[in-house]
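Below: a set of structures, written as structure tokens.
Shared chain: chain A. Partners: chain B in the first complex, chain C in the second.
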Partner chain A sequence: MTDTALLEVRDLSLSVKTDAGVARILDHIDFSIRRGEIVGLVGESGCGKSTVVRVLLGLLPKGAQIDSGRILFKGVDLLTLRPKDVARRIRGRSIGFIPQDPYQSFNPTFTVGKQMLEVLRWSGLPDEAPDTRWTRAVQARHRAKLIEMLEAVNIADPAGALERYPHQFSGGQRQRILIATVLACQPDLLLADEPTTALDVTTQMQILHLLRDLALDFGVAVMMVTHDFGVVAQLCDRVSVMYAGQTVETGTAHAVIHQPAHPYTERLIACHPDLSETIVGIPGQVSSPINPPMGCRFHPRCLIATDACADQRPVLRTLEGAHRVACLMREAAS
Partner chain B sequence: MLRFIIIRLLLLIPVLLGLLLMTFVLLGLAEGDPAAAIAGDNATPEQIQRIREELGIDKPVIAQFGAYVVNVVQGDFGVSAYSNRAVGADIAQRLPATLELTFVSLLIAAVLGIGFGTLAALWRNSVFDYLVRIVSVAGLAMASFWIAIMLQLLFSMQLDLLPLRGRLPSGMEAPAVLTGSYLLDSLLTGRIDAFVQSLRHILLPALTISLGGIATIARFTRSAVVTTLQTEYTTYEEAAGFPRRRIVFPYALRNSLVTPVTQIGLLFGAFISSAVAVEAVFDWPGIGSYLVQAIFNSDFQAVLAVTLVIGAVYGLVNIAVDLAHALLDRRVAERL
Partner chain C sequence: MTAPLLQVRNLAKTFGGTGGFFSRAQPLVSAIDNVSFDLHDGEVLGIVGESGCGKSTLAKLLLGLLRENDGSITLDGRQVSGLPPREARRLRSDVQYVHQDPGAALDPWWRVGNTLHETMRIHGISDAKERETRISEVLEAVGLSGDFVNRYPHELSGGQQRRIGLARTLALRPRIILLDEPTSGLDLSVQATVLRLMNDLRERYKLTYILISHDLSVVHRMCDRIAVMYLGRIVELGETEAVFGSPAHPYTKALIGSAPKLVRDDTSVELIQGDPPDATNIPSGCAFRSRCPLAIDSCAATKPELEEISASHRIACPPELRRLTNGPAASVSSL
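After this line comes the complex of A and B, so read on.
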């Protein structure tokens, strides 16, 4: 069962019409997640990671249009479902979400309990039918479940916590509460959008380990969006590296970190103090999606690029096992 | 919270004293001489001087002010130099009419302003949004006395839908006085006929006063809702599967109400001052038309008392606005 893919994103392309022209935000994205697995989605800011999250949740950015591809979730192509069905059956229910910034993700004028109960109201507990009426009995059950989950994430006095307001909690506590809430719904897949970047370094590791342990306990697959290969090394089974809206390398976390095949992956890893002896930045910045470079989108910043890289667009090719890379220089070498 | 209310009430005292002193000095600088006004055109300088002494206005301003404050503290607003009636009694009789008119106007402005503003934010850049914007500017730009006359012409003269002036049809008995508001009193005493009639009578003047307020509140609400819908917690609510209507109400709306509520407090002052003109046009027996009379007659006692009462009500309304903030946002309550 663990070998069948829970989520398969195949050849996904998306563009957005802007005043400056059409922007290809996602260009042939390709990755998959198996049940119970933690997969990292890595790349610099602006490379389209958050757009992938939004598309998976069925929340397309304004003016966006899918150009190609499929998103198979439990065998069903989400792109063919009606928006109403995605809202009712998928978003919040089968696919949960943990936001980036726990400070900004709570509505400041309502109690934590009110907001979390509302989340459970629309996502439902795993054994509830999609159209369960929100009766007092159901609410009481949701409340009990929340209290149980808050205990699991080590929030002191869970019943009292529900009556308090967001600003009365620290950032780490708020992220724990968000994790408790999303896990109470027991989704099949959890999308975590850089869940620790807004937190202190000391809190980050606690939260990441908590998330990993609970995901394993509940059998929830996690897509961990991050720009940090340290997080990947600590948590992820597999990883998919994105650059400027394209998938450039995928494979097991171990293989990608120890034998990075794409020059971009190599340089991302070289940016990390724990994974590299000398820290080297990547000069330049992610290219604009409106007029991306011809050929390989990374070639202007690549140290080993040749003239061919500016002409020909590389496609993902298998190196060995599940390790795949999109790089002309790699193809030439092998 | 209680501590906050008490402190704010105590702070109101120096504010009102300052307001009174300013009005006092300004009235002293004004052209009109109440003694001359009372004595009439044929009075000799000696007669005017004698009236001056009777009124106590021959003494220095500070002494007059001190004496006045002492009287006011004892609940004595003096006697109208014009009508010889106690000013306090006149105000007690007329204030409820103005308060009723102002609060109904505020209610209309708040409900329509928040409603239109929210819809304009949800349908951003739609025809409705532009319409609200254009009508808003127009509502702010037009003088209330002119709108008052136009509404009278249309609804009373042309269409004959609503009454032209007053609080009740002539001949109809006013409801027993409980609160001073005809709307409330008629409901409380079960006088449905009087309720319907006073509602019909208050509609045009209240609408006139509230137009500028609807515009202001709608614009502030629109921008607040637009901002709230772009916050990360709205994104989270979407991703967690909240339906659109729940995201808007109550979640986005409560956050968006803080600015419009502040506006409501400030608008109250504007409404009272526009009531002065609107009451005159609609013949509304309130404190505004009383004040206009008092100014024409150089009736200083009346002008002072009305200023003081309006100042006090304005101060109280703004304390209420701060309390409303505390109810809307727990973080504000903790700072009180």
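After this line comes the complex of A and C, so read on.
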């Protein structure tokens, strides 16, 4: 069945000791991703999206400590593995990563092909034994695989592209090349951290369509980090909304966009230019993870909060099907 | 109608092309090609286009930071083009610029107050008391408390950095402000406060804005008129309602169709493929023809000039194609 979860993040909490005090950066994060599914992770800057990505890649911030939770990936709790093992067996192999700024991922002094081959040398192809020697024949196989992947992401003249340098490509092309490299390792899950914010709208839309096609063609699941519900609408099957380190709502993209249940989700969607001729924002800013507001972390910016919201932390409750929300006002209403 | 505040006529700027004695010839880049427009007092003119289309070069020409190869710029009836940069800069003190990345434009080792003082000193405001007065006024205007003068850039949030960028420019008392990508990198939820502030400041100080952006939604909601640029040329120019309500150039349609909407529709949008061609290698005739879904043979022959298609709406696309683009399939404007 396709319904079984590929990734289950359950009740994940993480804190970091800083000079100013303990920062509880993730607080009861809870979502899942099925095989081949595209899930959006949405929230304003500072909500902890990139921290979730780092934890999934086994790259805990310095001084960080997991306070609670599990991360089940293909049935194994990543948090029980040693970081070294996550790095060796999972990161770059079954979990691939696409960063925000593709340029910084390349070394300007080497050709794109040399760098792509280096990645494959390190991770190996899935059908190769872990200790495969990097012989001429293996290199040739890798090169052939890369050319095949560059074709899949619509890079013209893939063999020629391998011989060129990063600056000879546009931002959109570099992002495609990165996607091709990551996909060559045939991951089960692709983590994309705001991969299109640095790109033009035309290029952004091309990349969104490309990711959608690739998810279908290669059966890879995608976790798309974004702050734009337009991107969610165009790309994602389901979405998980974060506020100040907490999961506040999860559900199908359609349900969440058309019937947002959490006041934060509602306000975030209202910022989208499709919905209003005037300019809509959310006054105030995401609270700091050091001494965050008690109760619901959104209550200081919430228009419908009551005293109870400052007291009690709302937990995720199921509304309908897979649509879940953490909001006391919602509980009171139903 | 009163005379325009700023008149730009047939402006052109190329880079490279000639090799110096010691340097190899760089390929010739035509960054701005035959650009003409008027800017009226108090209006907001938007300039949109993909990266590399010449937006920043145009801004630098208007500011006098670069010298044009051809064409003229008239400010308040005075010709300010064709002068050496230093002279041009002095005459153009009415025109100021807000940097695309205000964080990078601030010196990380300097407190905000020092930066504000220094900016004014460079612009010849030598009276320290006058500078103090202006600093407290502009900080108040951008909604920051006076103690922000003691902050270092890294202590500011993205939104606060934008505010300081605006304050710094306002302190020079310009009449025209060029805003380069004023919201890039900001969350949608924060963009709104910055944009609203820009509107408030414009009214309070009777400012005229040129707003450069690749974000159509920002331009749509902020601007009175819009110029769409492609590879150094304006391809569509008109009032905002006209350009968004009935976009007429195939490129404008593609741009509008590419903005991620809240409703997924896979059918109506005709996506343009690929990137703009290399600026050293611009196609003959209409530069957009290599990506245009409607291009016909004759598009390779002549560069289309801006022609009026209705009052205050002009496009650079020949009438043969216009008939095609006005067909029913063209209703991509659902914004």
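Note that the second predicted complex is superposed on the first by the 329 of 334 C-alpha atoms of A that agree within 3 Å, B and C clash if a C-alpha of one lies under 4 Å from a C-alpha of the other, contacts with A are read in each partner's own complex, and residues count from 1 in each chain.
Please note the rule applied: contacts are C-beta pairs under 8 Å (C-beta built on N, C-alpha and C of every residue); 3 or more make two chains touch, one makes a residue touch a chain.
Note that the structure is a prediction, hence the values are computed from the model and not measured.
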Check your understanding: Clash or fit: chain B and chain C on chain A?
Key -> fit
Point to revise | Which of chain B and chain C A:Val119 touches, first, second, both or neither | key: first
Review point. So, does A:Phe110 touch the first partner chain B, the second partner chain C, both, or neither?
Key: first
Review point. Given the touch rule stated above, what does A:Gln246 touch, chain B (first), chain C (second), both, or neither?
Key: neither
Review point. If you stack the two complexes on chain A, which partner ends up touching A:Val231: first (chain B), second (chain C), both, or neither?
Key: second
Check your understanding: Which touches a greater number of chain A residues, chain B or chain C?
Key -> C
Practice item. Applying the touch criterion given at the start, work out whether A:Pro99 contacts chain B, chain C, both or neither, answering first, second, both or neither. Key: first
Exercise for review: Between the centres of chain B and chain C, viewed from chain A's Cα centre, what angle do you get? Round it to the nearest 10 degrees, please.
Suggested key: 70
Review point. Between chain B (first) and chain C (second), which, if any, makes contact with A:Thr51: first, second, both or neither?
Key: neither
Study note, to complete from the structure: Min C-alpha distance chain B to chain C after superposition on A, in Å, is 6
Check your understanding: Residues on chain A in contact with chain B in one complex and with chain C in the other?
Key -> none
**Study point:** Residues of chain B touching chain A in the complex
**Key:** 231-233, 235-243, 246, 250-251, 254-255, 328-331
Review point. Chain B touches which residues of chain A in the complex?
Key: 57, 59, 87, 91-93, 96-97, 99-101, 104-110, 115, 118-119, 122-123, 165, 167, 181-182
Check your understanding: Which of the residues in chain C come into contact with chain A in the complex?
Key -> 50-51, 157-159, 185, 187-193, 195-196, 214-217, 220-222, 254-255, 258-264, 269, 271-273, 275, 335
Check your understanding: Inside the complex, what are the residues of chain A that reach chain C?
Key -> 44-45, 170-173, 197, 200-206, 208-209, 227-231, 233-234, 257, 267-269, 271-275, 277-283, 285
